[in-house]
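Read from first to last, the chains carry the letters A, B, C and D; within each, the first residue is number 1.
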Amino acid sequence: MINKQLSSPAEAVADVFDGATIMVSGFGEAGSPIELIHALIDQGATDLTIVSNNTGSGEVGLAALLKAGRVSKVICSFPRTANSTVFPELYRSGKTTLELVPQGTLAERIRAGGAGIPAFYTPAAVGTPLAEGKESRQFDGRDYILEHGLTADFALIKGKAADTYGNVIYNKTARNFGPPMAMAAKNSIVQVSSVVEPGGIDPEIIVTPGIFVDRVVEVANPVHESELVSAGVTYP
Amino acid sequence: MINKQLSSPAEAVADVFDGATIMVSGFGEAGSPIELIHALIDQGATDLTIVSNNTGSGEVGLAALLKAGRVSKVICSFPRTANSTVFPELYRSGKTTLELVPQGTLAERIRAGGAGIPAFYTPAAVGTPLAEGKESRQFDGRDYILEHGLTADFALIKGKAADTYGNVIYNKTARNFGPPMAMAAKNSIVQVSSVVEPGGIDPEIIVTPGIFVDRVVEVANPVHESELVSAGVTYP
Amino acid sequence: MIEQQTLKGWTREEMAQRLAQDIPNGSYVNLGIGIPEMVAKFVPEGRTFIYHTENGLLGMGPSPEEGTGDPELINAGKRHVSAIPGAAFFHHADSFAMIRGGHIDLCVLGAMQVSQQGDLANWSTGAPDAIPAVGGAMDLVAGVKSVYVITQHCTKTGEPKLVESCTFPLTGCKCIDRIYTDLAVIDVTDVGFKLVELCPGVEFEEVQQRTGAPLLR
Amino acid sequence: MIEQQTLKGWTREEMAQRLAQDIPNGSYVNLGIGIPEMVAKFVPEGRTFIYHTENGLLGMGPSPEEGTGDPELINAGKRHVSAIPGAAFFHHADSFAMIRGGHIDLCVLGAMQVSQQGDLANWSTGAPDAIPAVGGAMDLVAGVKSVYVITQHCTKTGEPKLVESCTFPLTGCKCIDRIYTDLAVIDVTDVGFKLVELCPGVEFEEVQQRTGAPLLR
């Protein structure tokens, strides 16, 4: 008997520890696991390193986690957001440090971490400030830089549906970083709108096989970040 | 107007040239594009380098291409087959050379080739004869070897269905090397049991997006290698 | 400073339309945010382009009516979009495999500066208090087969954007193939900027005057 | 040569059954071809294992009735299998990401030789006329969390398979955690082979006599 379903976001994030590295899915609001992030804010872990493409919007979700002072470092491709002053303030005050990574390098580093590849070469960022201090090397006459795989202690991911074995499908462009992050984290936690029995999802259409997923939690009607931001909601 | 469908396997492989590198999908008979391979035998290109997990069975498909003397080199993880003496004879006589690659390294080298990664480090084969002559390096105290991306001029792939934009889905374990090979070849040619209009496949379940596919050909009722071998069929 | 006069050049829409003429049928195209997005409005008769958005969609269609969008169907600029028949969704690692692996035919980007070697600066002014943010630009210029820039020829204060060498931090080196401005279409060649076409009513000398490096005819 | 007597040890089925007892509930397991495959017949009451086959299936189920198999639903040994409810299909690069990335809990393999350091040789005799073929074995031993060997204690000609150092070409170094033979269960530790359990009726000295390296109690 295998059942990875937990009863609530709170239960799913209960063991997140201070100093943990946490990957958070989402590109803008699409795929951002707001309910898991809010549960993490309630849970209280701090000194976190967050790996995510953006830094949230308004004062909910990822921006609220930052605002709560829980994040000491962000590994990110685009930490500038239209509707938030949270990260800029933390960055300028030096309270949160930033490792800026080109988006494709970020995605590939995460996949590599999940696939047991410690390092790989990429042409992205060659000759730019983001290549400074990195090893470079030519292959077939072209310059590349060495990038390292990224892993995490936890991943917080938003899917569409999952079965109790942890097989996950996603919704449209909310898929984005979820699948590679599920691969790269020791404890991958996925919130979905519905959890079904094994066999409830066609094995041909599964995007993230259950082996990459440790915990599944049902959030039947997830909030949308943009609606919360428009309504001026802050969390908590 | 975009339409990648061609009328026949013969038309799909018409421009394969002598000396080409060709990736061929399949693990055993599952996913082996027999009709495309037979069309290639008829077409006559020779001095080919074949990248494939196995070397075929009996005297049909990949084994028949080898038997016809068209293959000067095989890049392969498991070239020993239960029902064929074709490759062993060519290998022992020195007519076909072999680059033996661990199966996971082969899959990753192909994906890397398709993803613009010129080289990556892997722990597989460290300390074995297959690591001889390869660069090695430690990360976090563990040994890895450097492996290079693989690309090809053509890929011959078997899918289940495709649309005319080249989006492909596969059948069960016949998926195997098809998706990474479609990424890694300049000209990816996919035979499927049915070709549909764009929109005929749910965009959420597409396994190989059309950008990786150049040509699609319908083979409504593909033969199964094992049935041909049992029946003692030889090709041509 | 070079003395500047206001020239009546192409509008942004005309620049986008001019660029769209040069895209072959069947191309896979990634459009950056801003003026590049306008290119999609001007697909020439009889051609089909398939748009890639790096957040996981091939076959991006137009934005839906205001208020009817799906917050989980967005483009790289985080705007609501649609998916055409024949679209495919995929994850970020696969999406950038398309980019890095050379599968996208054309990328159109904005620019702060382009050098005569084809270096691009479009992500940072280098100002010490700016929040650095790069997104997918460095991956796009490193991986896409052809990279076109669409931009005003000069900054709002009249400084040339086409320069001998970039002073802003680079996005990529030797990566730009062609530049579409309000005044001209210019190729980046091994020997520097080369005029392809002038905006009607604009003289070569006027363009040269506003370009920070030699412009070949 | 050490003199050999035939000992009445565990049968292959008993070896597989003994190994199955040590697999925790919920494990993701990859079974090699041959004796390893038999492990699936002996899942202890109350436990569920999910079987991974490297050719692209998680949730592999039993082989169907002879003659009813699907040629496109096979395992790594190219035999017809089935897919359980909750199974997932995926491509080869993803499949070996599971292996190399340390996501598979246990792999069970056959062996030609295992050294006291845990080196494994199981893919080649090194004979000059042999057709070399490695498959996924090197990836499995490099990536899977625990790697168990299941094998006869000695070769058909009575040579020890547990040795000081392998003479056949290696599959991997320091990769084997535990060995299940017809005579005993033996751990590979930092200080060499260590007995875990004897087959009932077999004496320690008898096992030591048939082992090519010191066996610790």
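Just so it is clear, contacts are C-beta pairs under 8 Å (C-beta built on N, C-alpha and C of every residue); 3 or more make two chains touch, one makes a residue touch a chain.
Remember, predicted model here, so these are calculated numbers, not experimental data.
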Other chains in touch with both chain B and chain C: A
Chain labels contacting chain A and also chain C: B
Pair joined by more contacting C-beta pairs (A-D or B-D): B-D
Centroid-based (C-alpha) most distant chain relative to chain C: D
Approximate Å spacing (C-alpha centroids) for the pair chain A, chain D: 36
Chain C and chain D, separation of their C-alpha mean positions in angstrom: 55
Inter-centroid spacing, chain D versus chain B (mean Cα positions, whole Å): 29
Chain B: positions in contact with at least two other chains: 108, 111, 115-117, 122-123, 170-172, 204
Contacts with 2+ other chains: residues of chain C: 83, 89-90, 96, 99-100, 142-143
Overall pattern in which the protein chains touch one another (line/ring/star/complete/other): other
Chain pairs in mutual contact under the definition given at the outset: A-B, A-C, A-D, B-C, B-D
Residue numbers on chain D that touch chain A, as the complex places them: 25-26, 28, 46, 48, 50, 52, 58-59, 83-90, 94, 96-104, 142-143
Sites on chain B touched by chain A in the complex: 108, 112, 115-123, 139-140, 142, 144, 148, 169-172, 202, 204-205
Residues of chain C that touch chain A when the two form their complex: 53-57, 70-75, 78, 83, 89-93, 95-96, 99-100, 119, 124, 129, 131-139, 142-143, 169-173
Residues of chain A that touch chain C when the two form their complex: 27-31, 53, 77-80, 82, 87-88, 91-92, 98, 100-105, 107-108, 110-111, 122-130, 170-180, 207, 224-227
In the complex with chain C, residue positions of chain B that touch it: 1-2, 111, 113-117, 163-165, 167, 183, 197-199, 203-204, 206, 209-212
